[in-house]
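Residue numbering begins at 1 within each chain, and the chains themselves are lettered A, B, C, D and E in the order written.
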Amino acid sequence: MTTGFWHQVAAVIERDLLRERRRGDVLWITIPFGAIALLLIPLAVGTDAALLRQIGPGMYWVIVMLFGVLVAVGKASSETLPQQDASSLAGLDPAAGFVGRSVSSGVLLLIFELVVGLVAVGLYNISVIGIPWLVLTLVLAAAGLALLGTLTGAIVNSTSAGTTLVPLLVAPLSVPLLLGATQAYDGLRFGHSILSWVLVMATVVLIVAMIGVLTARPLQET
Amino acid sequence: MTTGFWHQVAAVIERDLLRERRRGDVLWITIPFGAIALLLIPLAVGTDAALLRQIGPGMYWVIVMLFGVLVAVGKASSETLPQQDASSLAGLDPAAGFVGRSVSSGVLLLIFELVVGLVAVGLYNISVIGIPWLVLTLVLAAAGLALLGTLTGAIVNSTSAGTTLVPLLVAPLSVPLLLGATQAYDGLRFGHSILSWVLVMATVVLIVAMIGVLTARPLQET
Amino acid sequence: MSGAPLVELSGVGVRIGSSQILRDIDLQIDAGEIVGLFGANGAGKTTALRLIATLIRPAQGRGMVLGADLTSPDRYEIRRRIGMIGHVPGIYPEMTLGENLRYSARLAGVATTKIPEVLAAVGLAGAIDRTAGASSHGMQRRAEFARELMIDRSLLLLDEPHSALDRDAVDLVEGLIERKADEGGAVIIVSHDRDRINAIASRSVELTGGTLT
Amino acid sequence: MSGAPLVELSGVGVRIGSSQILRDIDLQIDAGEIVGLFGANGAGKTTALRLIATLIRPAQGRGMVLGADLTSPDRYEIRRRIGMIGHVPGIYPEMTLGENLRYSARLAGVATTKIPEVLAAVGLAGAIDRTAGASSHGMQRRAEFARELMIDRSLLLLDEPHSALDRDAVDLVEGLIERKADEGGAVIIVSHDRDRINAIASRSVELTGGTLT
Amino acid sequence: MQSQTRIRRWPWIAIGLSLAVAFTLSMVSPADSVQGDLVRIMYVHVPSAWLAYLAFFVTFIGSVAYLITRSLRWDRIAAASAEIGVYFTGLAIALGMTWAKPTWGVWWTWDARLTLTAIMFFVYLGYLALRRTTDDQVLRAGRASVLGVLGAIQIPLVHFSVIWWRTLHQPPSLVRPDGPAIQDPMMLAALIGGVVAFTIVYVSLMVKRIELIHLEDRKVDMESAVERPVAGEAVTAPELGASS
């Protein structure tokens, strides 16, 4: 990975964040909507404070996962063919494109996690403990979901036939991520070691990142 | 409303369903991820059967609502300007466009509700009671969310500043829908009359439909 | 229609956001006219076509198109009689060319039985079941012309109709334009190729910095 | 580069899905050449350009472009030296024209300080901060030419470069094409306007039903 | 035209007088047996909430009327009323929170009415924000009226929330099937006096605001006659020599 590679990654991130800022669909639709969703859950399952406290963290992670993957899929497949051609001919390494897109989705996801997290903490009276570890799981989850969504998006976008089924194969990869995140939080709450869960998440992140980088070129072929 | 109006509605429905069948993003991405989300909740909040049974229906409705609106928003704003111009100049009444798009989103949502519902029933051991009423609430919810999402999508499409407006529109209206759906289910479960909740939902559906039809023209203006 | 102009703009201006794109446009187009519309890049030609197609509301002035005021709800009724072909094809890439035409036909209330015929007229008889996305750019533009043939329009607005079309197709288009004028309709053609347009147009106007000169 | 052809295709075929779009293409283009590529709508011209731009893999035959085999990973390295302008602008409508160029420059490793200069060269100095979506079609195409000026390409593939450009801009494009050839690059121009192309091209080839004739 | 631009003075006088009366009433009414003097917050809290309902209902009417008649006058009424409604909602929330701290021990809690009131507040803040994004009066009116109609659904929702979810907040005490729950005539008088006073305030503010919005619109119209950027200005003849 040369410096050229990282310059390209930076260019892609800048592009994605600029486009998002102008369109505002994550910032102004997904995030407020996620917050509203959290607000509505108590209406749906009943306003029992103890129950809410118990299921709060789980709900939080489920919503983060749902939105996260969909946001990342959407971002990854929001380019037209002429736009892709122009990027390729400016020399964009498909792997750099994958990494850049994952990072920008990851940043948006992290913002989403934080905003929705604040709402969740406020509404469900969730205790915030072990901040450094919590931040680590948040970052790992954002990275994992962003990578997963970007990969799915790349697959959906690739024109070769027969790829429609692939999301079905990719989706299960989100299970260990979510499991890691919730179990890590439980571990923090009850004072167990959460290292193993963090490692599970890190492993998933690495695996998806590797798959993404390795398949970036073949997926781009038409 | 002339027969011409309903012919246009039919044409729009046919167009939307054809496009969806060819792209397959609801069928192959949204539905699998929605099902997985439900699968993850027990992992996230703990596998206590009684608890799951209690929160299951509420969770189901929250997920349906989240996805529903997002899918419908996406569908409604997935047209390019030249495509919109061409439809307008073929004489498409904006109101017919609104109705047609809502129906096609509603159909997709109903499929989503059914598939994810089967998963929910299986996972949470939810009892299926009062089938005719249940079906009615499913249909009303699908219709309401589809209308809401379509209206929102039309707004996003028409203004650059429109995106900020979306959550504000969605929030007030999704509350009674979600409320109606969950309370109706509770009513069925405990043998109360659910007529009033069904009426609440029907009212929302009617109100949104009316607003959508009434504002279709001003919203299309540029 | 007897003698009333198809398009009549007086003092019309168009604003998008904070910029005044068109200003003080006076234009009258009668039945049977073929009008060339020239102007530099960014002069406002496409905007003018969309204005006449009732797709943009004027911010100033008064305009009538096919008897409907540009600001009244009447304009929704006459849209069906205005055809427009823009820079980028307005068809759905996931649908076949036939399905695209079927969609337009059903919106416009035209019999769908005409589809094979109009596709054959633009030389696409064999491509009826090809998805638009898998058709070449020129084929997509031809399909748009097929749509204009199918829905019987009174007013045709063409934004660079010659681009992307091969010589056969260009002949076809020029035939269509002339027939439309003969039938008592009107055509506005935007182009940068003045020689070509002057050969078919009955007159031409020039747009400079948002005003007609 | 000394004397080796920039493009060398022998027996190349392209298949998309189940259809054979191009067949048995033999083509050699040397430095300094300007080649016109003609053909009816749907003949495969755009596909041929994308093939030469290494964006489509050949299904049969062997091809070398700028020294890289079309099927080897080398092709990723030479893409930077190939410029292409297609039917539809490949820029991001949410970003300004300046930002679009900045993005391309950073991908290609070119200094971003050249941006104002190349935008001025295509007559868009005043539009650097305008979003691409709020620019006219011709302005977007001009911005694409600015990109090709900025990234120094060895091979330019132009799909109907004259469409959407006014007369001033057309002169610019023809100047650019000729300069590229003088500097030892090569240009392939797809067009339906044979007279115009024959005036600047050193030779031309014709594509009929997927084969060169 | 003339009367619309004349600056009226009577609204300010009306506001001053009615507020003074309401204040006196709330001070002379007796303290509550349970809440003591804290109950006096009610004489402002409750009228504010009700006036917010009224204001948003007028916005609703104005929006519907605009959509039917397409007359900008209705849109101005809707806008002015939404603005005043937001003030009243803010006041009700602020006073509710000051009341909540001593009685419930927290500023804010999970409660259906509280949450829904907050949503209502944001919806109408959004309505006002939306109006600022465009100065084309027709477009603005069209979009705002959508929200003006939709937002009204909040009113019954907030009002009935206390019945639908029996939680912390007070259930309806005045307007309910079995007659008012407040028995003390002085307390009732203070409450009704507050409502009447606030209604006068509302009407007066409406008159001023509509006046002002009308003037603002005319100012924008006049500005548009002044030079704006023009099409084609940004495009000039290319100069190939300039590069490299």
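The definition used in the following text is that contacts are C-beta pairs under 8 Å (C-beta built on N, C-alpha and C of every residue); 3 or more make two chains touch, one makes a residue touch a chain.
Just so we're clear, the structure is a prediction, and the values are computed from it rather than from any experiment.
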- Note on the structure: Looking at Cα centroids only, farthest away from subunit E lies chain D
- Set C-E beside A-D; more C-beta pairs touch across A-D
- Task: Measure off the straight-line distance from the CA centroid of subunit A to the CA centroid of subunit B, and report it in whole Å.
- Result: 24
- Separation of subunit A from subunit C, taking each centre as the mean of its C-alpha atoms, in whole Å: 45
- Whole-Å gap between the CA centroids of subunit A and subunit D: 36
- Quick one: report the Å distance separating subunit D from subunit E, using the average Cα coordinate of each chain. 59
- What are the residues of subunit C that contact at least two other chains? 16, 39-42, 57, 87-88
- Task: Mark out which residues of subunit B touch at least two other chains, giving numbers and ranges.
- Result: 164, 171, 175, 179, 221-222
- Task: Going through subunit E residue by residue, note those that touch at least 2 other chains and give them in order.
- Result: 119, 138, 233-235
- Note on the structure: The residues of subunit D that touch subunit C in their complex are 16-17, 39-42, 45-46, 87-88, 123, 127, 134-139, 142, 160, 162-170, 192
- Tell me, which parts of subunit C touch subunit B in their complex? 16, 50, 53, 55-57, 73, 76, 79-80, 82-84, 86-92, 94-95, 99, 103-104, 106-109, 131, 144, 147, 151
- Message: Please output the residues of subunit B touching subunit E within their complex, sorted ascending.
- Response: 151, 155, 158-159, 161-162, 164-165, 168-169, 171-173, 175-176, 179, 204, 207-208, 211, 214-215, 218-219, 221-222
- Message: Please output the residues of subunit E touching subunit C within their complex, sorted ascending.
- Response: 136, 138, 224, 228-235
- Item | Residues of subunit B touching subunit A in the complex | 24-25, 28-30, 32-34, 36-37, 39-41, 43-46, 51, 54-55, 58-59, 61-63, 65-67, 69-70, 73-74, 156, 163-164, 166-167, 170-171, 174-175, 178-179, 182
